[in-house]
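There are structures below to look over.
Look for chain A in each of the two complexes below; its partner is chain B in the first and chain C in the second.
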Partner chain A sequence: MRLFPLMFALLTVIAAPAHAVLRVDINSGIQQPMPIAVPAFATPAVAPTAAGSTDVLGRQMAEVIANDLASSGLFRPLDPAAYTTRVGFPDVAAPQFPSWRTIAAQALVTGSVQANADGTITLGCYLYDVFSEERLDAQNFTATVPTWRRLAHRCADLVYSRLTGETGYFDSRIVYVSETGPKTSRIKRLAIMDQDGANHRFLTNGQSLVLTPRFAPNQQTIAYMSFAQNRPRVYVYNIGSGSQQLVGDFPNMSFAPRFAPDGNSLVLSMAQAGNTDIYRLDIGSRRLTRLTTSPGIDTAASYSPDGTKIVFESDRGGGQQIYVMNADGSGQQRISFGDGRYATPVWSPRGDLIAFTKMGGGQFKIGVMRPDGGGERLLTNSWQDEGPTWSPNGRVIMFFRTGQSSRSRAGNADLWSVDLTGLNERRIQTPLDGSDPAWSPLLR
Partner chain B sequence: MTEGRALILTGVAHLALLAGLSLTWSMQQSSFPSFSEAVPVEIVEISDVPRITEPPKPSIDAAPQELTEDAAPEISPVEAAAPEPEPAPEPVKLSPVPALEAKPKPLPEPRKPAPPKAEAKPKAVKKADTATEAQELSSLIDKALPKARRRPVDTSDVARSIEKSLPQGARLDARATATLEQAIRSQVAPCWNPPLGGEDVRNMTVLLRIQLNRGGAVVGAPEVLAQTGVTAGNQAYARAFAESARRAVIRCSPLQLPAEYFDSWKLFELNFDPSKMT
Partner chain C sequence: MRSLPLQALVIAGLVATTACSKKKEDLPPPPPPAATTTTTTTDSGAGANTGAVTSSAVPGSAADFQQQAGDRVYFAYDSYELDEASRGTLSKQASWLQRYGNVRITVEGHADERGTREYNLALGDRRANAVKNYLAAQGVGAGRISTISYGKERPEVQGSDEESFAQNRRGVTVISGGAAS
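Showing the complex of A and B:
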């Protein structure tokens, strides 16, 4: 009987649940661009195309992708000179992971380029996690030969979105105002290019001054203001046909156009007897609806991505400030309350932020705030940065920067981009000076 | 008188039955070695209890033969696994032309790399541990039984001493635990490069279960036990986030950890929480 308590003690211990497993919190990490390898893409059979043979295209596509990924600031493509292995066609779907680990690549992009009988080319795009040896994604993209760069951008978007969990933005374009000539007789032309600066071309001939180009959601139409016939009015330009059209023969100057998310209407500003207000123009019926009535200047309207709200700037309270209203003009409310003045608000495609130009102390800076006005952050710190436009995924902002008068680029403007974190500031190469960029939605 | 005796007898019989049943049950639960002979009991001071770090002396009498025989030859492969922690990669077999994937896949189960030849089977590891526990327990009971006859038993003391003798992580003292946590944290954090896009990251955490071999190398794929902050709108981000944590663990493998605490770190959990990262 004396044994019984001992047995009981034993049972208590043995029947108790397994001990707690050690749990360790990891509260810090590193913020570094991810090392990624993008070796030249293979081809199952070398074949000539209008843009070069498939093996040459494979090499060029890998370069386009590496450049895209590097420009995001989130990836560090490794130098091909460091590669310890060549990727032949059989390796595309079965890479030699150990050799990629030796150069510390964390992700690997392989691809194959194939010329099709119908004159198109197909890019097979593969993404691998080098350490887990797992294929993360793979997709075929097919396009006509002249648009081969788009295949590479699509592959880069696949890599970006799979590894960051956010939508990509590389398969997109930029329209902007190209500037040249002396200040007194500046020539301003609309120009369009791929997001990476490739395929640059001019859309207008420079006879009339143009400003504020903005993409329609279909990526094929651009609204802008032109001084044609010395009357500042809003036009739309069709990229496919090259045709330009006045959106409405209004008696007064119209400017600052921007499309609604459904593409069926646009908002613009019109001046009447010294009072500028915001109007909505239905594109089909050409019917105009007045949205603001304040005595000041209301302009630079931009829709929220769901189309229910509009952000705009107004000087009704004195200096320029940012206001938000419902899409029908009701519920107008000021959201910017910091020092200085605020202009050119643009709603993020994600809906969570509004980018703006902040003016104060003789400087212009790019910043963001929440739609309720909270969380204001400045992203740039230069002399004159203005005119923000969002990348299609709402992670990058492009703007134009004017050089300080005492510096070498005095008075000349360039296009720049900056990450939402305020890091990774980059200059976008353009043939001439550039201002007023507008980023297209993702191409489809 | 007769009634009283009968009552006592019945009581004793019931108690015996209960004890017997409990014992049988407990053996099934924990593969406790069976010992049908009377075992001498000796109460030992806590300081006499075999230390965690010391391998227990096998007690053939108490430990069942088949367990010992089964476990013994397989303990050595576990030790041998240490010098070669790198798992042998296996070529991925895929069709040469990738299929178009219309829908994003759910968080994929990472492909399990083939276990390297030098590495012991997990089953063997487990068996060896069970045997070790069993040996230790029985050697303790060996000593503990005789004394029980001499003086009253403090059951809580016995429970504690037995518990202390178990070679398990929970028995680490606070300082050793803190040291071990720090060793793990300081090695994993520099390998973790979380995607810090948007506001989603502030509310997101992921809990992984990690299994290591004696060399500190990850065995199999880290398993996602739980993830917080996942919404209908951020599934792709949640997947990338979880994968960044998993990648960190694999990149840091093998971890350099004190061999004497292997039982505490052979299986542990990592909670990745970037909310304090700027």
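Showing the complex of A and C:
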């Protein structure tokens, strides 16, 4: 422990916050991502762990962090081949700044990995401004060995947060629908993975068609729709136990579930004799409250982060448009008025924007607008972009993109993400095709 | 060497003919030849007409239902209205179902891929119920009819073209019990 001067370092940082000389402006649209160096993390003493020795873990953690930062589009991790110095353990808290300046790194992340006596590991994460030689932040993170990647994500979140002024989002997960096979008999399984695609695993076996998984605020429960027993209804999946439970034995199709921010209830849609309305289901009492009564299709409900309002889509006015109502169903008001059809509205975790799918001109696009309907901006455009979900900090939107199929070949379905600026569109790697992504809250 | 291309040709020919006939069958308006829709002026006329069809299927079986009435109807884009051809098919379904009163059915509602997932589930439900309501109005007990929507999840054909979309926007009457075998 003597080799971890971090506690003191952290205290001094908090006591005297550095003025923000080094800053990534995330709102203007990044033309020049910040050059950043993330050299392999050092270790005070090479020690074996169940996930490999601490020096190997140090190298892997640095790679995870560099990958996280690069994926945001805001940072450009420098090629380790260009490094002119190696970071030994003493350098972690006292880097050789001149050698980082020679390769034009603006920011430097160093770290140290230590195996603890209780079987956990600790990552010391340091962030420096290379030119002012200032330590911008430093923090220790401890976790069990199997969850070592989370330590790296938390370090990446610290860097992101310190340099952008926004909360990070790397320590989070994605649940989505993994797809394979011809479209006429598509096999769909729930799958979960870390935000960066690691730790991928399937949650359901593909026997039943499953759709639209959504995280509960506690990140441990997922609401989704399944065609089990040929009765399409809403279920909840417990990630820890693997149990699947029907939320209510309703006589009709129930679908489009989404949790309330307090996790105690969820909104879902139910079809009755051809008419679909939105209901709130209290999870404890299983009591169902009808929120909409229009003869049109009312569906795809999503709560505002403060739980007072619900955004949803309805075709009550002729075509699909976005509406907002109070959480009790009162005050229903249309907010989308542009050309084309608007669907799948999702409220940002920051509360300031609503993401949606817009259909028009033969294309499907992802866009955002303010909760009052103003400030509409389209972020993507393709044959079929659909189903946005927000990163926990409300900066990035993930969605799925389906290509055109021919009779003999199914079009690709893949997960994609795009920055709120509309820049940095990138495909998320999945083992098979993917759709219906849902981003978890931060795992803290 | 000489027989090989010939064989390939024959096989290709076979594939081509089966593909063709299948394609024709799937095309909207509904499967039965156009002639039957024009003669469906009255229910009794339709009954007499279908009765005259030489059927190899066991009377009262699912295959018989398919031959006598046809199992599906098609919809326009984002619509759940039954057009004249669909009503003709459903009238034949209704009279067949009245003849075989023990048969229970599930009506599947389907959408093409050009809509969002949740909306299309609701749209499929609308289509299934449009079929159900029509059959019920023709005297088929509503208790014999259940509905299910598959939204855009189970297209009949895979293509992303107008012809495929038209085949995928459908209501399919599936016999779920009580049929002869």
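Throughout what follows, the second predicted complex is superposed on the first by the 407 of 444 C-alpha atoms of A that agree within 3 Å, B and C clash if a C-alpha of one lies under 4 Å from a C-alpha of the other, contacts with A are read in each partner's own complex, and residues count from 1 in each chain.
Going forward, a residue touches a chain if its C-beta (ideal position, glycine included) is under 8 Å from a C-beta of that chain, and two chains touch if they have at least 3 such contacts.
Owing to the predicted nature of the structure, the values given are computational and were not obtained by experimental measurement.
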(request) Examine A:L211 and indicate which partner it touches, taking first as chain B and second as chain C; both and neither are also allowed. (result) second
(request) Identify the partner contact of A:E166: answer first if only chain B is touched, second if only chain C is, both if each is, neither if none is. (result) first
(message) Looking at A:Q139, would you say it contacts chain B, chain C, both, or neither? Reply first, second, both or neither.
(response) first
(request) Using the touch definition from the top, say if A:K183 reaches chain B (first), chain C (second), both or neither. (result) second
(message) Residues of chain A touched by chain B versus by chain C: which partner has the larger set?
(response) B
(request) For A:D194, decide between first (touching chain B), second (touching chain C), both and neither. (result) neither
(message) Contact-wise, after the overlay, does A:G387 reach chain B, chain C, both or neither (first, second, both, neither)?
(response) second
(request) Examine A:D433 and indicate which partner it touches, taking first as chain B and second as chain C; both and neither are also allowed. (result) neither
(request) Please name which positions on chain B make contact with chain A in the complex. (result) 12, 15, 19, 22-23, 26, 29-30, 32, 41, 89-101, 108, 110-111, 113, 144, 148-149, 153, 155-156, 158-159, 162-163, 166, 168-171, 177, 180-181, 184-185, 188-199, 207, 209, 221, 234, 236-241, 243, 245-248, 250-251, 264-265, 267-277
(request) Please name which positions on chain A make contact with chain B in the complex. (result) 1-15, 19-32, 34, 44, 74, 89-90, 92-95, 97-98, 106, 124-126, 129, 131-140, 161-166, 350, 352, 395, 421
(message) Could you list, by residue number, the parts of chain C that touch chain A in their complex?
(response) 78, 80, 113-119, 121-123, 125-126, 128-130, 133, 148-150, 153-160, 164
(request) Show which residues of chain A lie in contact with chain C when the two form their complex. (result) 182-186, 188, 209, 211-212, 227, 230-232, 253, 255-256, 269, 271, 273-276, 297, 299-300, 313, 315, 319-320, 343-344, 357, 359, 383-384, 386-387, 402, 404-411, 435-436
